[in-house]
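The two complexes that follow have chain A in common; it is paired with chain B in the first and with chain C in the second.
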Partner chain A sequence: MTTASVTYESALKELLELFAFEPDEIETEWPRIKKTFDIWEITAEDIVAAIERANQYYDLSLKGVRMILNIHLRELCHVTLAGEEKEKRIYTVMPCNIGDLITAFAMVHPNCYAGFPDFYCFLTLGTLFKKTGAYMDEAEKWFMYPGEGHCTCNMFRAAALQKKKYPKPDVIVTYSHYCDEAWKNEEFLHTYLGINYVTVDRTQDTPWEHGKDTINWRNLRFYVESMKQARQQMEEIIGLKITDDDLGASLMDTGYYAGLINRIVELATNTDPAPITFKDIVPAIWISMCGVMPDNRPRRKAAIETLWAEVQERAAKGEGPLPKGSPRYMSGGFAFVIDPLIPAFLEEQGLVCTCAEACYWMPNATLDPPMLGSPGLEPTEEFAAGGIGIFEMLGFGFYLAGIPNSLSARVQMVDKTLDNIQAGAYPVDGVIMPGHYPCRVYGTDSLVIKDVVDKKGIPNMALELDQFDTRYYSFNAMRTKLEAFVELVKLHHVTKG
Partner chain B sequence: MATATGNQKLAQGTWNKLDKHLQTRILEISKAKKNGTKIIGVFPGDWVPEELIHAAGAVSLGLILGGEPDPLEASHSVLPRFICPFARAACGYGLVPDRPMYKLPDLYVDPVSCQSMRRVGDIYSYYLNANVFKLGIPHFPWQDDHLNYYKGTLQELAKTLEELTGKPLGDLKTSIDLYNRIRSALLELSQMRKSPNPPISGKEFIKLNHASLIGDPEVVAEILESLVQELQAQEVEGKGPRLMITGPCIAQGDWQTLDLVEEMGARIVVEDVVEGMRYYWRNIKTDGDLMDNLAKGYLRDRRLWPFTVGSTEVRSENLFAMAKEFNADGILWYQLKYCECYDMESFYNAEKASEKGVPFLKLQSEYQLEDRGSTKTRIEAFLETIGN
Partner chain C sequence: MVVAGVDIGAATAKAVVLRNNGEEVIKTSSLIHTGRDVLGSGERVLTAALKKAGISFSIDKIDYIVATGYGRVSLSCAHKTMTEIACHAKGACTTNPSTRFIIDIGGQDSKAIRVDEKGNVRAFVMNDKCAAGSGRFLEVMAGVLETKIEDFGEISLQGKEPCMMSSVCTIFAESEMVTLRAERKPLEDLVAGIHYSIARRVAKMAAPLGFVDDVVFTGGVAKNAGMKKALEDEIKHKIIIPLEDPQLNGALGAALFAHEILKCETN
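Here is the complex of A and B:
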């Protein structure tokens, strides 16, 4: 399809078909999608480019992947139109560790939107349409001066709200313990735009090891209390309530979904050829973190079950995107958000990414406590007996999602993940660590994690880039480094014996 | 134009005594360590009650150096650039061989007031295999559950100190009294700068404050009290603009901006910084539950810091109130690069300054000596604006 020959309608139809919209769904959703795209100023040319990018970035022969991208687009519409479609709106922000608490409100109350708007904007407007840069420019003209390493996730939110691209929420739920800047951003949005916010707090003074027996219970209880207070404040502001059972249902639903992701990662790690590469799992992972609106809960279940069935079938047939015996690598740090071109390039060069460092994507792991809602598991009574209530599970869930509470915990996780993988049948030949440079929490660990990997004698490369902002990023500038990484990995694969 | 400090320092004898004490302080601490005394390195921000360390019979050593480019560069082998230069320098000082002070501690207490400071503890733990106690700082100090959490952490710190020293905590009240003497003396000295011709310059005061974090508290208390006596009702003539300096941190050794200000005849009459300096505006109560008093004093009874939730407006009001109280002609915002919360506050305060008609200059630093020329030009222009 060339832009010269295309109409807006034909381009959009092609995009929606690519993203697994059925014909009747295209008809039903068309007005909302068109309206959303008009608000974000997406043109026919943008859509044509997005189709090309989607084909370049993802293995779209997997229907499950296309169904996930379908959900991304639907969530973009939900948040963009939430001002006219919903009476109440609750947003959350990075690191979104109580996404299930937020989305439980939407699950119970049909007049409520709840979600993580920024991320769905990045996954669509950023990754596919490359339209987020202008908002970073706007934020820099406002209270986030350039050159200070402000988090572009926060920058986007500030500008998008200032420009009224998505509606003002009734409340933003933010966090003061993980990212120094997020809640400050919300405070400024309150000052300048009148947006309410509530804050979940904790202190990052203890490492949470992986196991019930090593949790710092004083710290966890403090965190739990903070989450409960946040819940109460949300309820007071929006005038809607949820019960602990509602939260449990939300967690169970996400737990089931995340549990299947874990199984897909395990299969990819332990099969040759790998039936799927990690870059095609990442879009699904972000959904588990960001939460979805109620109509998309059955869709995400269907999507992940479809994907699971597809990869199992491929594994049984000995099929995969790359041939048997291809060199493998692990992706550490931040999974690629706005530019999957890097993992796509590496795959083109013959490298397969089967796993990431983070916890529940950590293959061959025995999770303790087990993930709530994992297939075949009915944990609620078991956890209650162990003194772990639903809010404790919510607190654990953040950790289980792979964002550790301390550098020492992260080092242990990376160490354990690599030991597990290297002891398996298909060890990795390299580790790539895409950072997010303005992230003081996660991005500043990169050289330490590199040191951990170095000590295992595995070729590795840290990439410093901005996961949400491609204004100053050039793939071509990275290309030379990536080619060097490819050579190292291939050499290691051949010589490791 | 006479310089703020003048050529003949008032209370020269006492200043000399302090200089001599500081010159030999690190050697003294090394000897104490060899004799079995435990050394506790404290990263600054005034979150760590040194009273506990003193009561444990250990030596508290403020790790407050900064301003030098070389340790900063050294830190880039373990850290990316994008955290504040003070935190990076703190890591760098631990890595370079020519700063034995940073290798002395048996225990490092790292207050997790922000992600940058948290990272310092992480780096020491991972690369230097250091014994690090992370002291978590909750972000809602007015809430009792947050205060209780912080108090609980102080109790854990006390226990850690007892285990390290092998003996129970001594007389905490005596230790609190000692540090109250230090704070009271610093407050009196600081207040002298309200006068039209303060007997002490901004840099001198900041150096005294730093000295209180490194020196023997008994010696420092005595010296500060002597200075209070000697400088009371004294004046050093100066005509330059009076400035307030504010920012995340003024480290020991980070003198470039202060020197430039004073070289050009202006005077720093008050500062409001979160880290690198001791908070001296309140004392700790000595009646009742002392641990409770320490928790309240160090977490709650203090000016809010930028990482306290909802603090921007209150902090801004305090900033301008303090500037007025000290008759400052303008505000110098000393921004350390990549300190993102302070950077956001600079926007807010620049707006407020404009509304109030208060001259306001934001300077950014990454401890680079080559910034000197451009910084000097900007300060010059700022002072001319105030003069006009």
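Here is the complex of A and C:
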């Protein structure tokens, strides 16, 4: 399809078909999608480019991947139109680990939208349509001056709200985890746009070591109480309530989904050739963290079941995107969000990414039997004595497998994960650490993590980029580094042992 | 057998031709400014190196060509492209087998490479975002001080109290230099300050790799004796410049790879 020959309608139809919309769904969803695209000023040319990018970035021969991208697009529509379609709106923001808590409200109350708008915008408007740069520019003009190192996730939200691209929420729920940017940003939005916010405090107190044998019970209880308080505040602000059972249902539903992602990652890590590479699992992981609206819960389930079946079939047939024996690498830090071109390029060069640090962030993964590197959730005496309530489960799950609460916890997680993988049948030959330089959390840790990886004798490279903003780096500028990393990894693959 | 390595950098294009006549390997080289025509500069520098070797045939008759540098993908006659990381390691380790660490400062970027005892690259870092740690910084400052860049190294060695420069950006450093000049700081101290500014930046970039002797310095900036001294002072290791013209190290490495690959394919 060339831009000259395309109409808006034919381009959009092709995009929707590519993203596994059935013919009747295209017809019913068309008005909402068109309206959403009009609000975000997406043109026919943008759609044609998005189709090319999707084909370049992802293995779209996997229907499960296309079904996941389908959900991303639907969630973009949900948040964009939430102002006219829903009476109440709850947003969560980065750092996010509580998608299930807020989406429980939407699950129970049909007049409520709940979700993580920024991430769904990045996954669609950013990754596919490359239209988020304009909002970063806008935020910089408003109050987030360039050079001050603002979180680009926060920048996008501030600009999108100011320009009324998506509606103001009744409440934003934010979260502490060794980052002060989130609270300050929400306070600013409260001051200038009148948006209420609630904070879940995971406590920056004495670091939580990452393991069930070294639980800091005081911190865990504090965290659980903070989540309960947040729920109460949300209920007061929006006038809607949820029960512990509602939260439990939301959690279990996501737990099933996250559990299958675990299985897929385990299969990729333990099979040669790997039946799927990590860049095609990332879109599914983000859904696990961000939560979905009720109509997408069954779609999410169907998508991951489809993907799991496809990956198992490939494994049984000995098929995969790269040949048997291809060198493998792990992606540390953030998985590539807005520029999957990088892992796609590495795959073209013959490197397969079979695992990433990000896959261990999913708190609900611990409700499933333990996966590689994750200690898993097991009842402890203290929990048993005090009763395991749903908030305790949520807190414990985050504690063990959520985004680490401290540098030492993150180091421990990376260390253990790598040890497990390297002891397996298909160890990795390299680790790439995509950074996120405006991020207080991930921008500061990279040399420490590099040290951990260096000590294991695994070739590694840190990439300086912004996960949500491609204005200030280009793929071509990184090309030499990426090619040199490929040379290092291939050499290690050939010479190890 | 005639093989060649071409290093097409942002500032200059270099070529090394190795001619094996059965008795000895003759090495010739050439260097030109890259300019706007990246493809043309690659072909021109290669042609010039062939001519120096007394070879009359055209570049398409060369048995094997490896291209490296930022412009490597533009050289259509190249049989293979390799990163300058690998090529600099190859060149340095072949010329000086005790090499374990390479610092390369070119026209527009700088790199640090750690290698093992076999000359294999084990880790690397690059500064390819900012001109402040590259030869370009020296060029800009030479312009501000109205001094020939070829004289910069010797002038720097005479500096007794190198001026501290605080700017992290070449453009702002230019302004800072004008101010320092107006304060009548001695030229030698200004120039030495410029060298130490680059050396500090490169040392900070390279330090996480862990300096190991022998440390080899390559790239066009390695021809600057003042830069060598400033780097030695910052990294606290002696620096070796094994090549007569260190600017050719990348092209030499590429030519050596071409020789190896062809030998493998022939056997």
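Here is the rule we go by: the second predicted complex is superposed on the first by the 449 of 497 C-alpha atoms of A that agree within 3 Å, B and C clash if a C-alpha of one lies under 4 Å from a C-alpha of the other, contacts with A are read in each partner's own complex, and residues count from 1 in each chain.
Throughout what follows, a residue touches a chain if its C-beta (ideal position, glycine included) is under 8 Å from a C-beta of that chain, and two chains touch if they have at least 3 such contacts.
The model shown is predicted, which means the values in this text are computed figures rather than measured ones.
When the shared chain is aligned, chain B comes close enough to touch A:435, but chain C does not.
Applying the stated contact rule after C-alpha superposition, one finds that A:30 touches neither chain B nor chain C. Of the two partner chains placed around the shared chain by superposition, chain B and chain C are both touched by A:447. Chain A is touched at more residues by one of its partners, and among chain B and chain C that partner is B. With both structures placed on the common chain, the touch criterion links A:483 to chain C but leaves chain B unconnected.
Of the two partner chains placed by superposition, only chain B is touched by A:149; chain C is not. Of the two partner chains placed by the overlay, only chain B lies in contact with A:407; chain C stays clear of it.
The interface of chain A with chain B overlaps its interface with chain C at residues 447, 464.
In the complex of the two chains, the chain A residues touching chain B come out as 142-145, 147-151, 176-177, 179-181, 183-185, 187-188, 191, 199, 201, 203-206, 218-219, 222, 225, 406-408, 411, 435, 437-438, 440-441, 443-448, 451, 464. Chain C contributes residues 70, 82-86, 120-124, 126, 128-129, 208 to its touches with chain A in the complex. Every residue of chain B that touches chain A in the complex is listed here, in rising order: 77-80, 82-83, 112, 114-116, 118-119, 122-123, 125-127, 134-140, 145-146, 149, 152-153, 306-307, 309-313, 337-341, 343-344, 346-348.
Across the complex, chain A meets chain C through its residues 447, 450, 454, 459-461, 464, 477, 480-481, 483-484, 487-488, 491, 495.
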